[in-house]
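In the two complexes below, chain A is the common chain; its partner is chain B in one and chain C in the other.
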Partner chain A sequence: MTVGLTVDDVRVTLGDNEVLKGVTLHAEPGEFVTLLGASGSGKSTLLNVVAGLQDVDRGAVLFDGVDVTRRAPRHRKVGVVFQSYALFPHLTVAENIAFPLHAARRPRAERAATAQRMLDLVQLAGFADRKPESLSGGQRQRVALARALAADPAVLLLDEPLAALDKQLREQMQVEITRIQRHVGTTTVAVTHDQVEALTMSDRVAIMHDGRLVQCATPEELYRRPADEYVARFLGEANLVEAHGPDGRSPVVTGTAVVRPEDLQLVDADTPAGRWVFEGPVQLVSFQGSRYRLELLAGHAGTILCSLPPHTDVGALSPGVHARVACLDPGLVHVIDHRRPALDHVPEVVA
Partner chain B sequence: MTDQLTLRRSAARPAPRARPRPAPSAERVVLLAAPLLFLALMLAAPLAELLGRSLADGGAALRTALGSAVFLDAVWRTLWLALVATLVTVGLGTVYALAVAVGPAWVRAFLVAGLLVSLWTSVMVRTFGWMLLELPTGALYWLLHNLGLADAPLQVFQTTAAMYPAMVAVMLPFAVLAVLGPVTAIDRDLLAAAAVSGAGPLLTFRTVVLPSLRGAMISGGVLVFVMSLGFYVTPLLLGGPSNLTVSGLINAQLRTANRIDVGAAMSVLLIAGTVGAYLIADRLFRVSERWGGR
Partner chain C sequence: MNPPLRRALGHWRAPVCVLAAAAALLFYVPFLVVVATSWTGGEFVLFPPQGFSLRWYASVLGDPEWAQAFRTSLWTSAVATAVAVVIGTLGALALSRLRSRTGRRLLRTLFIVPIAIPPVAYGAGLYLVNIGSEPLYGTFVLFVLGEAVLGAPYVFVLVANRLEQTDPTLHPAAATLGASWPMILWRVDLPLVLPSVLRGTLFAFVVIFDEVVLSVFLVPVGGRTLPLQMLGASQEAFSPQLTAASTLVSVVAVAALALFGLAARIRKDPP
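Right after this comes the complex of A and B.
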């Protein structure tokens, strides 16, 4: 079973703190949407709202258009992988996985068969009779995923599913979770604060900031055309510079241009000054393995960060030397249109 | 402080390599002296006296005690009373602790206050309270009579049925306190996991709550059981002569029968039995680890 999920203008206040300030989100059947944001952005609360573990002050949650806002968690048919995995410690792996079927009073034979099928799916075939305490972190994660999917839920919810794993295992599980999610085709909402995780696993990523959903789009869209400065800074590194009108000649600041460091390249001094050309004394050059990182102090544009390919000849670049960089394809620069007050301090570079 | 921790740790688990034990520092010896002296005077000396009396004349008093049908009856009765009181107390105590944990603020305040007041009030006073309640024309009769449910004075005072509620009431705080900490420490994620898996209250209780509390319930139960073995005032006042416990019998030996040696022998047997029960329970359920011995 898989459903389209709609969260409609949900507001949640905890004490004096408005945690969700009207969030609207839609996920197509089978889609993988990740909520990405800093801690305190409200992403976990939104996940709990979908699971029914958090009451809402206003707004609604709909599964395939059916309002489930007032439905208790046990009647929602959601599968949840908790950050702590929350496996029942005294039950075996198979009993844990079959627990949702046990709760639904399914016959024993069906429970056993489902447990076996799910164990195969998460590649833990020989582990049916083990206790959770004897499993590694990655294995517990798989068991938690198997349990969440065992009763064929309408929506799968993953709360920071990989936070407790070390880096290598995390990357492996990202691929694994994506594979399993594609296989079962269950609509999935995940929460993470890890950009790479969000970009790797999801069809779409929803950026949350201060109780609001700022932008929900495909990873490419978010990176290339961020809706605002927050998103531009949040995903990867960005140079944010003033944009003057459509042709760059207007004296009025009409927006903020997002120039990605890797879209800049070194150009000769005789290259004509163009719209996205920056020049100034080098502040820092550092080799980072796959890239060179270059920082210029480019006059009114402030510090410009530039990421150069590793074969670049940087011999002549040392701090204080005058250098010139440019983005030669204007299509790569995204301008955030300003219909509201300008940035606090323009220009700015944020790592 | 650090010395003590290291010492305890290395004693508790089988040390993989021999570690030199730090010699007890001077201040530890001084600090321990006072309580040790107190224990020697107030506990060890009387115990030695009891043991000496019961072993005099080649253990004649011990043999008399063990050969007495009244004593053996009292032993079985005491064990049975303690067992029933323990099971009921732990059951009620768990419910009480859960109510404290999940109830609204006013319920919580009321229940905790009840717990503390009952702990602060002497067992004797509480037992007299139950007496006033259970006397043939006592408070219970008054209530039932005014409700039109009883015509004749109640015949519960000094029966077995009259004794259990009071015994459970006396022991309840200990069971509640044993379970209260673990109740509040139940993993919220496990409860949430059970809920989203579709489990109702009963299955959640069986799958999450009970397993999380099992250890605390057992250790609370052992505590209540061991304490119940020494029950004296409550069965004596409320249960009447037909519910004579070992403690009651010892009292009778000392004060009525004037057989001090036999009383001493029975006391030694009761203490040995109690310590034995505790050691067995500790071996089975590792109770002492829960009560602070880490």
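Right after this comes the complex of A and C.
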């Protein structure tokens, strides 16, 4: 089973703290959407709202257009993978996975068959009779995922699913979770503060900041055309430069240009000064393996960060030397237009 | 990991060891003296015992008065323990579900009160209730309930500690997986706290079985619990019957504790 998920203008106040300030989000059936944000941005609260574990002050949650806002968690048909995995320590792996079927009073034979099928899906066949305490972190993660999916939920919710794993295992599980999600096709909402995780696993990423959803778009769209300065800085590194008028000469500041460090390259002194050319004394050159990192102090624009390919000849660049960098393809520069009123949610781009 | 005791303590080692030995003596010497006096061949409780004989054991076991007191203690303690276990476990479950800080503090205090107030005051209070409650007067009802209240805190503390150590997301996990609250209670909470409930049962039973103050106030005329019988024996004859009986009770208690420890170890070791 898979449904389209709609969160409509949800507001949540905890004590004096407005945690969600009107969040609207839509996920198509089968889509993988990740909520990405710093801690305190409200992303986990939003996940709990979808799960039914958090009441809302206003707004609605809809599964395929059906309002489930007042429905108890156990009647929502959601599968949740908690950060701690929340496996029942006194039950075996198979009993854990069959728990939702037990709750739904399914016959014993069906429970056993489903547990077996889910164990195969997460590649843990042979672990059925083990207790959670004898499993590694990655294995527990898989069991939690299998249990969440066992009753064929309408929506799969992942709360920081990989936070407790070490880096290597995390990368492996990112691929694994994506594979399983594609296989079962369940609409999925994940929460993370790890941008690589969000970009790797998701169809779309929703950036949360201070109780609001700032932008929800495909990873490429978010990176190339961030809705505001927060998104531009949050995802990767960005030079934010004042942008003037349509021709670049107007004195009126009309927006902020986002120039990605890797879109800049070293240019000769005889390159004509243009809109996306920066020059000034070098502040720092450092070799970082796959890239050189160069920082210029470029007048009004402030510090400009530039990421150069590793074969660049940087022999002449030492701190204090005057250098010139440019983005030669203006199409790579995105201007955040301040003349347009800020939107709470940017219209979605249908892929 | 702790460093070896020798290096951690340095020249404090000798005084610490002496203190530990003294504490051990304080714990065991009175008990060993009691045991020793019970196998005396003489007529009085004396240390060192006069000769060796098991006549006082035979005397206690063959005495219908002691047997009756033992039976009374056994059934009243069993019923009181059962009530204590139910109250204590329910209280601990409630504590784990309460969100209000004040509410949690009140509940905790409520369960500490029975241990905190002097037993004589508690017994006197219950005694006044007892003579005022017509249909109950002359029965064991208030006695058993009073003992249950004294035993409940032990169960409460042990079970509440266990619940505090469990992952707080187990409940939301069970709820999102479709479990109703009775199922969460039955399939998640109770299996998790069962070892603590059993441990609490043992503690409560030992406390209740040995309790003498409430017996003095509340046991109906003509009835006698084992502690009452012992108290009487110590005040009247002070014969080795008393020490023989207490040795028997201790042996049974130690055996029960050992059995429990053994069962816990078997549970832990996977087959």
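Heads up, the rule we're going with is that the second predicted complex is superposed on the first by the 339 of 351 C-alpha atoms of A that agree within 3 Å, B and C clash if a C-alpha of one lies under 4 Å from a C-alpha of the other, contacts with A are read in each partner's own complex, and residues count from 1 in each chain.
Here is the rule we go by: a contact is a pair of C-beta atoms (placed from the backbone, for glycine too) under 8 Å apart; a residue touches a chain by one contact, two chains touch by 3 or more.
Fair warning: this is a prediction, and the values are worked out from it, not measured in the lab.
Visitor: Overlay done on chain A, so just call it for chain B and chain C: clash or fit.
Guide: Superposition result for chain B and chain C: clash.
Visitor: Please work out whether A:Ala86 is in contact with chain B alone, chain C alone, both, or neither, and reply first, second, both or neither.
Guide: both
Visitor: Regarding the shared-chain residue A:Pro73, is it in contact with chain B (first), chain C (second), both, or neither?
Guide: It touches chain B and chain C both.
Visitor: With the two complexes superposed on chain A, say which partner A:Leu53 touches: chain B (first), chain C (second), both, or neither.
Guide: It touches chain B and chain C both.
Visitor: Would you check which partner chain A:His102 touches, where first means chain B only, second means chain C only, and both and neither mean what they say?
Guide: both
Visitor: Show which residues of chain A both chain B and chain C reach, each in its own complex.
Guide: The answer is residues 51-53, 72-80, 82-84, 86, 88-90, 99-100, 102-104, 147, 151 of chain A.
Visitor: Touching chain A in the complex: which residues of chain C?
Guide: Checking each residue of chain C against chain A gives 166-167, 169-170, 172-180, 183, 187-188, 191-192, 270.
Visitor: In their shared complex, at which residues does chain B touch chain A?
Guide: 187, 189-190, 192-200, 203, 207-208, 211
Visitor: Touching residues of chain A toward chain C in the complex: what are they?
Guide: Interface residues on the chain A side: 51-53, 72-80, 82-84, 86, 88-90, 99-100, 102-104, 131, 147-148, 151, 157.
Visitor: What part of chain A is in contact with chain B in the complex they form?
Guide: 51-53, 72-80, 82-84, 86-91, 99-100, 102-104, 147, 151
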